[in-house]
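What follows is a group of structures, each given as structure tokens.
In what follows, chain A forms one complex with chain B and a second complex with chain C.
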Partner chain A sequence: MPPPAPQPNVRVVTLTIDGKDFSARADETVIELCRENKIPIPSLCYMDGLSIWGACRLCLVEVVGQGRLVAACSTRVAEGMNIRTNTERLQRYRRTIVELLFAERNHVCSVCVSNGHCELQWLAQKCGVDHVRVPYRQVRNEVDSSHEMFRLDHNRCILCTRCVRVCDEIEGAHTWDVMGRGSDCRVITDLARPWGESETCTGCGKCVQVCPTGALVKQGTSAGEMVKDQHFLPILARRRHAQ
Partner chain B sequence: MTTPATPRITVATAWLDGCSGCHMSFLDMDERLVDLAQKIDIVYSPLVDTKELPEQVDVGILEGSISSESDLHHAKEFRKHCKLLISLGDCAVNGNVPAMRNPFKLADVIDRAYRENVDLQPQLPTVGVPVLFQQVRPIHGCVKVDVFVPGCPPHADAIFYVLNELIEGRTPDPSRVTRFGA
Partner chain C sequence: MSRTITIEPVTRIEGHARITLQLGDQGEVEDARFHLTQFRGFEKFCEGRPYREMPALTARTCGICPVSHVLASNKACDHLLSVTIPPTAEKLRRIMNLAQITQSHALSFFHLSSPDLLLGWDSDPATRNIFGVMRQDPALAKDGIRLRQIGQMIIEILAGKKIHPTWVVPGGVAEALTQEKREAILKLLPEGLEIAKRTYGFFKTLVPKFKDETSHFGTRPTMFMSLVTPKGNLEHYDGFLRIKDAQGRIVEDMVPTVDYQRLVGEAVEDFSYMKFPYYKPMGYPKGVYRVGPLARLNNAEACGTPYADVALAEFHMLQEYGPITSSFHYHYARLVEIIFAIEMMERLLKDPDILDHRVRARARSNRDEGIGVSEAPRGTLMHHYRIDDDGLITWVNLIIATGHNNLAMNQAIRQVADAYVDGNHLQEGMLNRVEAVIRCYDPCLSCASHAFGQMPLLIELKDAAGQVVDRLTRG
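Let's look at the complex of A and B:
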């Protein structure tokens, strides 16, 4: 869904988060309210300025009186809501989600170009993931180095689709898509042709900057050198949505 | 040497499929080692001379992953004789660089290392080398591990923090001080 355009006369609701009272605009999502108030909620697919995807489930929170957990990025605030963001159950689930991401593809942080600048690596530490309890899948994934400036390493991709969304919604090129299901799921460029042969890619590098991991990087970077700059996104997103 | 008032904690260390970097980081604790030496006794390690793992050790520290019969044997011995077992460093904790060969066939990896990339006398070493497993595993893929200290290598401060917490009788939380790839 497209990000909600701010409306002039929205209602204000009051709700409780971790025992504290807050008021919020009724069109805000739980994660937006938490970010404004510095309440940490782990997230990977959510990115301020892009549409909401709701796929990684790291942002799950508890709503008191409701058995089902909800994704903070795709749930709007409501009057009287009582939210818990950091219960033992949530910590356990978050840990497991991060571990599964590590086990699914091949993450070798020590030799990764994004070492020290990676959101997945940082989240693992935050969530107390000091080892992975499930066996690693150990499947070899392709690396596409055909683009003259950028490289895609499927081994590090967590399928957050930030690249797909920024390319479509902000750059307007729509080079990226998602293909395949389950463990065959992949991000692709131009109907699964090598990136370097893409006729739609403008070479803007926005996908590289928003990618949370070392999956999309600049060519020529070595271990730990790939630092990302995401400052452009809120500015461009605001201008686009104002149009 | 005088006998200490309280019995010291006995520590054993070994490196399996690792580069010795984690042991170097251990030595990097520098002058803190002097303090530590008042509280711990290293009873078996590549850093000391003893050839036999004692019957009962308080803390076992393993560097490196399990890539061969010999690594597995070591890991089992440590588990059997150590009250508490620590995986030290990314190779021990998650396979890290040694496990990068896992998606490939072992025969292809050996060919690449000992034949394809060799100019002079390409040959497989056969004397005194353990048989490699098809798959490299982290230590906890084979034996139960109690404390995990990620990092490549974990910083000396992180190792000191973990040992010190254990000496003080607390449960260390290594994620406070180190992470994968640190």
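Let's look at the complex of A and C:
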């Protein structure tokens, strides 16, 4: 679902983040408040302009008084909340999550068209992932290069579903979806037909631009050449929700 | 009784190998084999990948000569696109290739081989290395390090990084050359040329001291294959294939590189992961040929640059008639090529078109098979790909420069073993001469075998029954 349009009469709450006091609209999420105030919280599935998915778990934060960690993207602010965004435990968990993403599929940065422009790679650097401590699964995944303009490489997909959501919520085509369970989970076009044979794809390329890695890229790009432009999304999202 | 002698430091070759010498009843050498024992599998695991990834993927074959793979791979991709790349892009690629040849030849001559030549075959192995050279002749060692640095710096200025650059792309290069970069490279070249000429002059005085090695280091007759320009001159990037026989007669000439399969067949042996390319019309294993600097200079009518042409004329005088057959003279040929590379880079950089912004042809794949051939420092490098309708790789064949020399290297080891090995016991000097003949070819075994591991060199002596009677290892 797309994020709800801001209500005109929403109450304001006060809360603490990393020892500093903040006030926020009660309908805001923790990650929105943090982004507004330049408090860095990593995330891969969250994207301003798309609905909340809560899949990557990189935006986990600690709420004092609560035993469990909560995802900043899917947690609304509340009066008196005391949040910690960057504890040693969170850093450890985030690094492990990123390592697991690298181990799950074949992310070989050095030969990737998104090398140097990849959100996963950037996050790995931020999290200090200089090596992966779990064994790589090294499963051979397919590349769907059937589309005239774009290419899908399942080896580099982290299942953030940004493509699924942008196609459904912004473009309105709903070409993308998710099929399978667990390690067999895949993003698919139409009913698992090759992308080039999709009858619903409009070829707009929004999915490619929002993809955080080299999973969805333009044809004709070589190593390191795929630079994505995501500025369009908040603008389109606001216009769509204003309709 | 078997014994193992471990000699430090690690032997000076790129990659890892084993040599076995088969002895007869009287202790004489009956057979000599050069083994690459590990497998990397680039040709297999590239299958299924988009062809545009191939330059970056295959560049990882090697950290010494990634530029060579980048160029051959991009040429294969150009062929898949069916484009003629812009002339400026071709010149820029040529400059990069020449910089690569400069740095790689400098590595081979100064870092890997000069310890033998300066310190002696039988000198203490503990000091027979570049550090020993630094002590013996600091100026020469400094020259070598600087010359290699100049080659690497040129690659970095052009492509942004020294190793595994991605600046060369299918259809040309990613970015045009700027005036600042051109000036930066031009500033480096005079110093490089001075070093190259100085080293060449010095090596000429050394050659007469190695008459014995010259006559035993891989002198058996073989053919020579290389690229040449349409005029038959020295060529490293494009051109046509030429093969000369051991007497210097041209047996194949102006063969388009896309027809390489008419000339080159590939055999496999169960004792090595390196393939055994051979000259197809002569069959296997008779069709032995050599590639690399020696072959290129033997095949070239001229270099086309002033100092290199003088050096080439002197090179041809190393032997009374016919092509230069001793593999010991690979070292000589390398120094001539460094001079040529630096002179040619300067000429290309002074070309008025070199700053042209049109450096990339854009197209989709327009055929399902692409072949790219260029001259790597060690010889002719061939990349051959097939793709499906979606541009995904279905088949890869890489014929690596070192691989072409495989049969010749096996011959050379046999020859050195015949000349120097005493079947009753092994000596360090013998080990080093066997190594040194391999080193003449400057084999890049990591490229050729697609292998990695921790076994630099092992020599085994076997009796007639195949039992190991003696063994020497290094590393």
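Operating definition for what follows: the second predicted complex is superposed on the first by the 242 of 243 C-alpha atoms of A that agree within 3 Å, B and C clash if a C-alpha of one lies under 4 Å from a C-alpha of the other, contacts with A are read in each partner's own complex, and residues count from 1 in each chain.
We adopt the following convention: contacts are C-beta pairs under 8 Å (C-beta built on N, C-alpha and C of every residue); 3 or more make two chains touch, one makes a residue touch a chain.
Since the model is a prediction, treat every value here as computed from it, not as a measurement.
Under the clash rule set out above, the superposition-derived model of chain A with chain B and chain C contains a clash between the two partners. Of the two partner chains placed around the shared chain by superposition, chain B is the only one that A:G128 touches, whereas chain C remains out of contact.
When the two structures are aligned on the shared chain, A:R140 is found in touch with chain B and with chain C. In the superposition on chain A, A:S222 makes contact with chain C only, not with chain B. In the superposition on chain A, A:S74 contacts neither chain B nor chain C. Residue contacts after overlaying the shared chain place A:V111 against chain B and chain C alike. Within the superposed three-chain arrangement, the count of touched residues of chain A is higher for B, of the candidates chain B and chain C. Of the two partner chains placed by the overlay, neither chain B nor chain C lies in contact with A:Q230. The superposed model shows chain C running into chain B at a single listed stretch; among 152-160, 170-178, 224-232 or 260-268 it is 260-268.
Applying the stated touch rule to the two superposed structures, the overlap between the chain B and chain C interfaces on chain A comprises residues 110-111, 115, 140. The residues of chain A lying in touch with chain C in their complex are 110-111, 113, 115, 140, 142-146, 151, 153, 196, 219-225. Of all the residues in chain A, the ones that touch chain B in their complex are 102, 106-112, 115-116, 121-122, 124-126, 128-133, 135-136, 138-140. Chain C contributes residues 48-50, 52-53, 55-57, 60, 164, 166, 169-170, 174, 362, 364, 390-392 to its touches with chain A in the complex.
In the complex of the two chains, the chain B residues touching chain A come out as 87, 90, 93-97, 99-100, 102-104, 135, 138, 140-141, 145, 148-150, 152, 173-175, 179-181.
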